[in-house]
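These notes open a run of structures that come right after.
In the two complexes below, chain A is the common chain; its partner is chain B in one and chain C in the other.
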Partner chain A sequence: MTPRYNFAFLDEDTKRMLRRALLKAVAIPGCQIPFGSREMPLPYGWGTGGIQVTAALLGPDDVLKVIDQGADDTTNAVNIRRFFARVAGIATTERTAEATLIQTRHRIPETPLREDQILVFQVPEPEPLRTLEARETETRTLHALADYGLMHVKLYEDIARYGRIATSYDYPVLVDGRYLTSPSPIPKFDNPKLDHSPALMLFGAGREKRIYAIPPYTRVESVAFEDHPFDVQQWDERCALCGSGESYLDEVVVDDRGTRMFVCSDTDFCSQRTEAQA
Partner chain B sequence: MYVAVKGGEQAIARSLELLAEARRGDPAVPELELTQIREQLRLGVARVMQEGSLYDEELAALAIRQAAGDMLEAIFLLRAYRTTLPRFGYTLPLETDGMRVRRRVSGTFKDIPGGQVLGPTADYTQRLLDFDTTPPTATTSAEAPLPAEMPRVLDLLEAEALIEPADADSDPEPLDLTREPLTFPADRATRLQNLARGDEGYLLGLAYSTQRGYAESHPFAGEIRMGEVDVCICPEELGFSIEIGSITVTECQMINQFHGGNGVPPQFTRGYGLSMGEGERKAMSMALVDRALRCDELGETAHAPAQDQEFVLSHSDNVEASGFVQHLKLPHYVDFQAELSLLRTLAKQQAADSGEQPLHAAGGLHA
Partner chain C sequence: MLAAFANPVFDSQRTFRELLQAMARPAVPRALPVLPPAPESVAPAAMAILLTLCDAATALWLQQPVGNALEHLRFHTGLRVAQTAKEADFALITAPDAMPSLQSFAQGELRYPDRSTSLIVQVQGFRNEAGVCVAGPGIRDQEMLHIEGLPADFWTQRAALAESFPLGIDMFFVAEQHVLALPRTTRLLEH
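Coming up: the complex of A and B.
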């Protein structure tokens, strides 16, 4: 642990500011709460929002897991885990079931989460309408009026052009029937895990200076139409390592003839299954 | 047999070793000393202090050395350090009227009270590479010292009511953008704070665009002054202000034509720029962009990027921009897989609709 910095890097006043924003976020599910995002010693866009939320929550007894693309060993996940081990001296784990706090980028673990766990998402763009309306002043008004016609038109245009909704990740959700919310760039495969999750889900966007939350057991619907219901990715293949047919698969190119194999993106889920089979 | 990729931690450790080696260069060459950077690369130090929002030459020099001369990385290092520092208080507004001027020029009057003072400027060098290092020539003292205070050129115009009045006391208490998020619409004090921290290159480009028809700004460099100003604070327990030191700043006051509107008669208007250290390009760019962003207040039609405050202010910070542009290096396997899967579905569907085989076997060969 580095003694020159406060526990978990941030000073206690900053943590208090973050916790206030978090409480507000939990009280208004899916609503983006502006907060005084600090400059972190890691670059913007590399998880500074998630890191600040994690820093505000960590206690000395917490067990932290950090994943990127579902994997514990991707370099940025390793770096964030190293950061907290250094500035907070807390225990870390790669096992989903052992963690009290999980910081993630782009995935929700396959292993079902529990009430005593918190999932912290790194969010690049908290505004689900941003690609449709660049102005913050406009999107804020649209949220205030719950006017999400822009998004419905976008999805409808997809259907008109392609015969289906052509959004495959960062698929917008309606939280508690009120706020249109970005689930962060998780594949839509993970969207059903957001609905009535026993674990608290917190979202931190450091560069955009916004925090939002999906409290436990909150209704989360993926936006769709009655005649074009929401569906998730499916594979004809199974995981080449553990044989799973129900997890999200990464595609790996294994030679220069374009031969592919598919493996679980959630490395902990995969290795647990492989060990159980051995 | 394929095994999941492991070893990220070790790879990072090795990469850090390579970085340290590359940064140091040939160990037979002596390492740069911080005093050398401070003394001989003073303009680089000034830029890092300005955009790093921390006036500390020693730390800026350290950041430049650690970043191997990458100014944006040095700015990032300084910002990440600054954010951990406790706030003892806020200073009183700097009194640039009382600046101990080392340079002061005006593009609007041939001569001005106090005179045109070129000071240490590169403006009239001939940009010929000096192949021979020359020993410094002795400086020549002026016949008389500069006046202790120089009137501002813009005050001369204000006395004649030809320029919009500036009432410093009417300014609202500024927001601290390092503690509060930027929200829109942003008032002028907030905008100036954002521009002060903004990337010099970005502001230069925007400022240039206002001169080329993307916002009619018609600017004149009313006054540019550089020198030392005192920094004062007023601790609550004392109740009176005390001087805690002095810093070098560059201030630019632009004068812009204004045809009148929004109930304001035709008169000159102001654009303001301030930069730590010698930062004339930055201060001038900032002043032009400041003026362009005042379009709403002055009832001007806003049609150019430099007049759009959401556009200008949201993208000015090079630490934010650099991080987000470069985050594309991070793995996006999961999202990319989702897009691949979608494209294959669409291709299959199109092939089925047209009764043809898709050009490629979707998903390629399988191991």
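Coming up: the complex of A and C.
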């Protein structure tokens, strides 16, 4: 632990500001709460929102897990885990079941979460309507009026053009029947895990300076149509390492002749299964 | 002059985690880990919440600004004092049977529903039996909830307020070492 920093890097005023925003975010599920995002020792786009939320939560007894697209061993995940080990001296883990706090970039772990765990998402664009309406003043009004026709038109245009809803990640959800919310760029495969999750889920967008939350046991519906219901990705293949047929699979090119293999994106889930089989 | 948290960084962190879980799981009491010294009119559990969340950026409204409560809070947190309940970020209710109507606090704006007053209400006690039946985000099925010492029309006021969601008021109730949250999303069920 580096003693020159306050515990978990941020100063106490900033943590209090984040904590007040987090409580409001939980009280108004799916609503984007503005917060004073600080400059962090890594650039926007590397999870500064998630890091600030984690810093506001973290205590000496926490065990932190960080994943990037499901993997514990990629650059972003390793950096953030080491950052908190240095500035907070906390324990870290790669095991989902051992963690009290999990910061994630674009996946929800395959292992079901528990009530005593908190999941923190890194969010690049918190506003699900942003690509459809550029003005913040307008999107605020649309949320105030719960006017989400724009999103339905977008999904309808997908159907008109491709015969199906083509959105496969960052698939918009309606939280507790009120706020249209971005689940962050998780694959739509993970959307069903948002619904009535036992764990609290917090979302931080550092560049956009917004925090929002999905409390546990909250109704989360993926936006769809009666005749084009929501569905998730499916694979004909199984994981080449652990043989899983129910996890989210990444397609990996393994040589320069274009040979491919499918492996679990959740490295902890995959290695636990591989170990159990060995 | 009374002390505040003995260990400000970690005491407020542990208190915050309980407040967060309380807000995420409404109507279920949680034990606060640290009870700081508090002036006579303020419950130690309420003081723990104020020390955790208040600073120079927040305005507090006191229902009964008696004794040295204000002086104590100002000294330890640097908070501002709100002249009216509507201007307050936080309001401390020390005599719940005589509390002002819920309408007199800030409910937020439709574009920014978070700009509302959070209430900290000191009550005699609460229990998860008898009383009203509540459901909503954070509650798996439903919870029974009885809070002692509230005005007779409190639940009627609360039900009326729920209709203006996303506007509303989020409340923390404290009794001895326990805190229980009632965010604006918690719905009263007919029973």
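Rule of thumb we're sticking to: the second predicted complex is superposed on the first by the 278 of 278 C-alpha atoms of A that agree within 3 Å, B and C clash if a C-alpha of one lies under 4 Å from a C-alpha of the other, contacts with A are read in each partner's own complex, and residues count from 1 in each chain.
Note that a residue touches a chain if its C-beta (ideal position, glycine included) is under 8 Å from a C-beta of that chain, and two chains touch if they have at least 3 such contacts.
Because the structure is a prediction, the values reported are computed rather than measured.
Look at A:58 in the shared chain and tell me whether it touches chain B only, chain C only, both, or neither; answer first, second, both or neither.
Once the two structures are laid over each other on A, A:58 reaches chain C alone.
Applying the document's definition of touch, where does A:131 land relative to chain B and chain C: first, second, both, or neither?
neither
Could you let me know whether more residues of chain A are touched by chain B or by chain C?
The partner that reaches more residues of chain A in the superposed model: B.
Just checking: does A:41 make contact with chain B only, chain C only, both, or neither of them? Give me first, second, both or neither.
So A:41 only meets chain B here.
If we overlay the two complexes on their shared chain A, which of chain B and chain C does A:252 touch? Say first, second, both or neither.
After superposition on chain A, A:252 lies in contact with chain B alone.
For A:71, is the partner it touches chain B (first), chain C (second), both, or none of the two (neither)?
first
Classify the contacts of A:23 with the two partner chains as first (chain B alone), second (chain C alone), both, or neither.
A:23 sits against chain C, while chain B stays out of touch.
Using the superposition on chain A as set up above, list the residues of chain A that contact both chain B and chain C.
Correct list for chain A: 34.
Provide the residue numbers of chain C that touch chain A in the complex, in ascending order.
Residue positions touching the partner: 8-10, 12-14, 16-17, 19-21, 23-25, 52-55, 57-58, 89, 110-114, 116, 118, 136-140, 165-166, 170, 183-185.
Which residues of chain B touch chain A in the complex?
2-9, 11-12, 76, 79-80, 82-84, 86, 178-185, 310, 314, 319-320, 322-327, 330-335, 337-342, 345-346, 349, 363-367
Flag every residue of chain A that touches chain B in the complex, lowest number first.
Listed in rising order, the residues of chain A that touch chain B are 5, 9, 11, 34-41, 43-46, 48, 68-71, 73-79, 82, 105-107, 124, 134-137, 162-164, 166, 168-170, 185-189, 207, 209-210, 233, 235-237, 240-241, 248-255, 257-263, 265, 267, 270-271.
Under the stated contact criterion, what part of chain A meets chain C in this complex?
Its residues touching chain C are 6-7, 12-13, 15-17, 19-29, 31, 33-34, 56-60, 140-141, 143-145, 176, 178-179, 196, 200, 213, 215-219.
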